[in-house]
């Protein structure tokens, strides 16, 4: 049995503004095992980024965790003061953001930004600088000795992302949270960065939480996946099952909306409607207004996240009906 | 160390914040009082501001003379009340004329670009080398003292800030997509300018004008204090302070009260200006 | 070093601007209604003096020749003779310039001393009590007329408490100079500090919202390191630019403050010259102010280029 590295229990993160209350994360629970890549997928605004920020303790005001536990190696991070959280950041968990240009300081040399990680460690300046050069080399930046003296604006987008990865991994954390790390990059660079993350993950025996809205990235990188919608996990299972046997109408809708290279012409099927306003969520299941299987109970009662098969949980009143769903891949050895 | 995570539920309020904000209310009150002083001085001032009464000279503030009397026996409170219209006018008209003229110049320069625009930018760049006060003083030295020359000096120097501001706004709007769309739709230049560009430009000009008014008023008062602007016996606040300067060691009320009113009026205008800024910004452009 | 190149480039860029400034100050005299020769020689001068002035400055020749003579005189520091003091203008200016420079620097320093901690505090505690109090104070500070504040301070500290001199200049020692400049500099620093505080506060608010602050925190560095290396460093960049504008305003304000406190600097000289129609002096002083502002801008640009690595050197 794999060991649990991170356990999130019933996490609720709300943003109380003057006019309304935005429930960005409304009861999310999942585990991340050691050495696995866990995907969080969903549309913009579904709460995946806020979940990550809650774990790191980097919520922007006025966001706050109002309920739940975040257990990293058994230690609950919720309720810890900034000074205590510091011990975990960088050393046990770290993050890379979507937009590398705005995630790096414009006025500090890359070298200094990397050396910062080693602030608390008893190393000399020279040793820290050497570490920085080694890190840049590890993430595949050529001529790291000269590059390390440069500033953020002198790096290209892909290189900045690599530098960010170097900074995130410098202190050898056990958990890396990658919040849409390739969304802002060219497709070719995307692939390189993904491969880099995978390599480093294996070398350093890390777990990765990969946040994305791109199902292709999920397919390429993840071991297990959680599909989020309106601040809730709608379905959670391993990646093969997700694509082969989706059981939630939303997941199914997402699969169906992917263009099929075999079919030419015709319309793309999109999910009808638009994502809900997180400040005014409907009473029952948040997906009800857009769901093809929606029934009376769906409008009134929010379904629980229920395990329908080992390692496969779904939040739907009509999970029994969805067994008939056809995924977009077939697993060899199974009947269609 | 501040506590990080905490489980308090949200508090919600429903009143429009800016309306009940104490700063807005106080600002309104101050400006209303100032306007009252400006439009109805004869009803508020207990004495004739120019009436000389040697018997009552140099009296400290009392119930008979709220702000005391000056060396000629004139009631300072009345002088200050009558002076309000002058100072407020300097603030208001000192900004209105540059706003209109500078705004038009900036608009034309940005819209038609080319030589006109380069000329404007070069010219304002060079004039920026001279401090504002120095320019005003230099112009007054050329034209001579007096209220009208003070206005002219303020106008000749003031238009440049508005020209730059409007030019920058119009420039960025010119390149924006909704103007391009309007052009493609065949709207005439004038119509695009009026309906689309102008409203945006006006709101940022007003925001700037609000704080500029205070600066104008203070500069006008400073010039008059130096004897270069409004001339005595006109009861402009700075001029009154100048008259009282020689007696400051034993009759400080002559300089204290007019200055206090300058300060309070400035605060009132600024508070209103800030509120106007908030409203214009939140209502969207 | 590439910085040197930049410094040289910026210095050379001033020259054309300076030239146009000389044209403007040259034309100043000709804008005054009346005979330029008489204006410069003084109303009470004898006709012979007026004629001598006319010949010396070439006032009977075409404008461009006059300008050339003016420029030549300027470069050789022949700024004419002051009507008020009957001394060469250049001597008077050189005597009085140090005071104004000291005053301006002192005011700037005090302003920064107030502004940096208060602006930072207001930004960090956005919308909380400290922020409101600080912002309200800046609002009041901006509305306070400098001559009023100066006079009030004089009443309290010189006349009543007798701690500080009630104006005047005593250059005997650094301490006496300090005492003479304290109230004037403090008075001037209020407006500067207020404006700097506002800018700093908004800067800090903007920067704290940036992703790079979050990323810095995610590395596990101390709160102090985040504050100094990231928030501070980045907010100083915009503060420096504002500083040069404020120093120009301080120079302009010296006319008022030096007059209020009877400090014999360039500001008071300007006032005296205008009051006594000493146009020879007025012309030179106006030019001097522009020159000082351009130098301040140049120095600020250079400092800025060291602070912000994005500047193209």
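Note that the chains are named A, B and C in the order they appear, and that numbering of residues resets to 1 at the start of each chain.
Simple rule for what comes next: a residue touches a chain if its C-beta (ideal position, glycine included) is under 8 Å from a C-beta of that chain, and two chains touch if they have at least 3 such contacts.
Computed from a predicted model, the values in this text were never measured in an experiment.
S.K.: Between A-C and B-C, which chain pair shares more contacting C-beta pairs?
M.R.: Between the two chain pairs, B-C has more contacting C-beta pairs.
S.K.: With centres defined by CA atoms only, which chain is the most remote from subunit C?
M.R.: Relative to subunit C, the chain with the farthest C-alpha centre is A.
S.K.: Distance from the CA centroid of subunit A to that of subunit C, rounded to the nearest Å?
M.R.: Going by mean C-alpha positions, subunit A sits 54 Å from subunit C.
S.K.: If you average the CA atoms of subunit B and of subunit C, how many Å lie between those two points?
M.R.: Comparing mean C-alpha positions, subunit C is 22 Å from subunit B.
S.K.: Subunit A: which residues touch two or more other chains?
M.R.: Expected reply: 82-83.
S.K.: Residues of subunit C touching subunit B in their complex?
M.R.: Result: residues 17, 20-21, 24, 28, 31-32, 136, 139-140, 142-148, 151-152, 154-155, 159, 248-249, 251-253, 255-256, 259, 270-271, 274-275, 279, 282, 286, 289-290, 293-294, 297 of subunit C touch subunit B.
S.K.: Given the complex with subunit A, which residues does subunit C contribute to the contact?
M.R.: Listed in rising order, the residues of subunit C that touch subunit A are 209-212, 214-223, 225, 229-230, 233-234, 237, 307-310.
S.K.: With touch defined as at the start, can you tell me which subunit B residues reach subunit C in the complex?
M.R.: Per the touch definition, subunit B meets subunit C at residues 23, 125-126, 128-134, 137-138, 140-142, 211, 214, 218, 221-222, 225-228, 238, 241, 245, 248-249, 252, 255-256, 259-260, 262-267, 269-271, 274.
S.K.: Under the touch definition given earlier, write down the residues of subunit A that touch subunit C in their complex.
M.R.: Those in contact with subunit C are residues 53, 56, 58, 60, 82-83, 86-91, 94-95, 97, 99, 102-109, 112, 116-117, 119-120, 151, 153, 164, 167-168, 171.
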